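One structure, as structure tokens, below. Some questions next.
Here the chain labels run A, B, C and D in written order, and each chain numbers its own residues starting at 1.
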Amino acid sequence: MRIRFITTGGTIDKIYFDALSAFEVGESVIEHILTEGLVDFEYDVVSLFQKDSLEIGDDDRQVLREFIAKDDATHYVITHGTDTMPETGQALDGLDGKTIVLTGALTPARFKTTDAVFNVGMAVATVQAAKPGVYIAMSGQVFEAGAVRKNRAENRFEPIDRN
Amino acid sequence: MRIRFITTGGTIDKIYFDALSAFEVGESVIEHILTEGLVDFEYDVVSLFQKDSLEIGDDDRQVLREFIAKDDATHYVITHGTDTMPETGQALDGLDGKTIVLTGALTPARFKTTDAVFNVGMAVATVQAAKPGVYIAMSGQVFEAGAVRKNRAENRFEPIDRN
Amino acid sequence: MRIRFITTGGTIDKIYFDALSAFEVGESVIEHILTEGLVDFEYDVVSLFQKDSLEIGDDDRQVLREFIAKDDATHYVITHGTDTMPETGQALDGLDGKTIVLTGALTPARFKTTDAVFNVGMAVATVQAAKPGVYIAMSGQVFEAGAVRKNRAENRFEPIDRN
Amino acid sequence: MRIRFITTGGTIDKIYFDALSAFEVGESVIEHILTEGLVDFEYDVVSLFQKDSLEIGDDDRQVLREFIAKDDATHYVITHGTDTMPETGQALDGLDGKTIVLTGALTPARFKTTDAVFNVGMAVATVQAAKPGVYIAMSGQVFEAGAVRKNRAENRFEPIDRN
């Protein structure tokens, strides 16, 4: 099996510049996480954007969707900012034969304590174990895209209550 | 969904005592990993053994199997030493209605660099995404128990070639 | 020997809130660093401010100076933001019988990679080994206060060239 | 100022091989620690031994002493196993014009939690701030060689009571 990782920016890749006292999206940490995870599968990493997810718009989502539609891979893990991850998940709906898992982090991977490594581990397992479709792996859970939202006040992902 | 974690020892939980210059299995790190992963599901942790997996014998496997058979939970993540993880996986075969994922670590979770967090992330996703059965989540891959072995020389898990 | 630690805020104690995408000064990490350093001396920690050092003004420096002047301890390590650490060092000049070492961090102690632990180690050694006076321990060096500046462009502390 | 680091092995540099379930002394971590400490001074690193300190004998100490005696540097930080660090410190006594600080770690630098970074920070400050002589920087304290012992039961360094 081969996994194609697509990075789009977000908190998972944020770095901190003291001079500015500001955060910016830096080089992706995905290869570092996979190396530390001692993974033994084939993969490559494509960097499409380096954006905070609040800056990712419908045009960007269309670029991402078309990239995957025309691409020859079948298994994707996409790292993405958390604020609009559910919207991007829905924008990728209906791509036949593609298994797509979005993940990211609530705290930067460059922190001592971060959910990034755990989340990428979840995404890598989900892309192998699930049938084609679009999923979000966050907060220790695997959600189908369209059935999940970010609860900003509680800083977690949760199922949409559809009663 | 509720996940029951069962710890049995192994490298994932190893600690180092300078006085002895030796490793021993210590308190489980599983709750620390789940807290860092910012998980938001119900779980509990049962400690059955604290053994190096080379010391886990058929009697222990029988204890583990009976514990799960009589237990009311349906989703299990078992942390286990790597050397005999495949044998334990096979010993748990055929428990109806139970989804069981074994994982562990090739380097202790208490190291700066460890595969433990990534692996537990994989196991947590697999136990949610897979149908009932027994799985091993190691080396970045999800294997069915019975179809995997540890390659000690290469220090990785790989599929059994069944030609 | 007894060391009194005084925390004033700064990058060393910064934490990151995803909701705000902003950094704020959080609880001091000094006790965590000393515990990890396996130190075996008596100490206490006094929190005077929780400020970015650009917000520390002459009034604050006067408060700090008077606190130390009236205090019964003799050995102080002060954690402080880096931007105005040299100014604060000079403001503490001439307190008889007091050995005072200022330190901090160029990257937050809560990062995976940080200079905070190394710097606090330097400060703890300096306060024991140096004669009374005011020192700054940063960039792997021990400077006398008044003979050091922060080079913001290079993000390091360096001696003032007094030719 | 220029510091010459001499590595001799010990827990600070220990690595763990799962296949053997044993620890061995690995490549020195000293350069990694100095890089993380954002130090800005000139230094080089000489690796003399890679031994557990229980294996360092009087012959080794003589080799170390002669190396320093004939060497043109004046400031040394020596990383060393903790069990016989006091003996090595005493064996280096009386080298005129040399400031020598021994340090090491009670837990390996490759652990998530380690005293190695703090201790090297202490040693780097001591070698700059102290007058010529031989010192041991451990347990958060700077000791003169000859006035310190390792308390194995308590896993700490402490002053020798010379009443």
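Keep this in mind: contacts are C-beta pairs under 8 Å (C-beta built on N, C-alpha and C of every residue); 3 or more make two chains touch, one makes a residue touch a chain.
Here the structure is a predicted model, which means the values were calculated and not measured.
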| item | value |
| --- | --- |
| Identity of the chain that, by mean CA position, is farthest from subunit D | A |
| Rounded Å distance, subunit B centre to subunit C centre (Cα mean) | 44 |
| Centroid distance [mean C-alpha coordinates] between subunit D and subunit B, Å | 38 |
| Touching two or more other chains - residues of subunit A | 106-107, 113-114, 155 |
| Touch relationships between chains, expressed as pairs | A-B, A-C, B-D, C-D |
| Contacting residues of subunit C [partner subunit D, same complex] | 1, 33-34, 36-41, 106-107, 113-115, 117-126, 128-130, 135, 137, 139-142, 155-158 |
| List of subunit C residues in touch with subunit A within their complex | 11, 16, 18-19, 21, 23, 52, 82, 106-108, 110-114, 152, 155 |
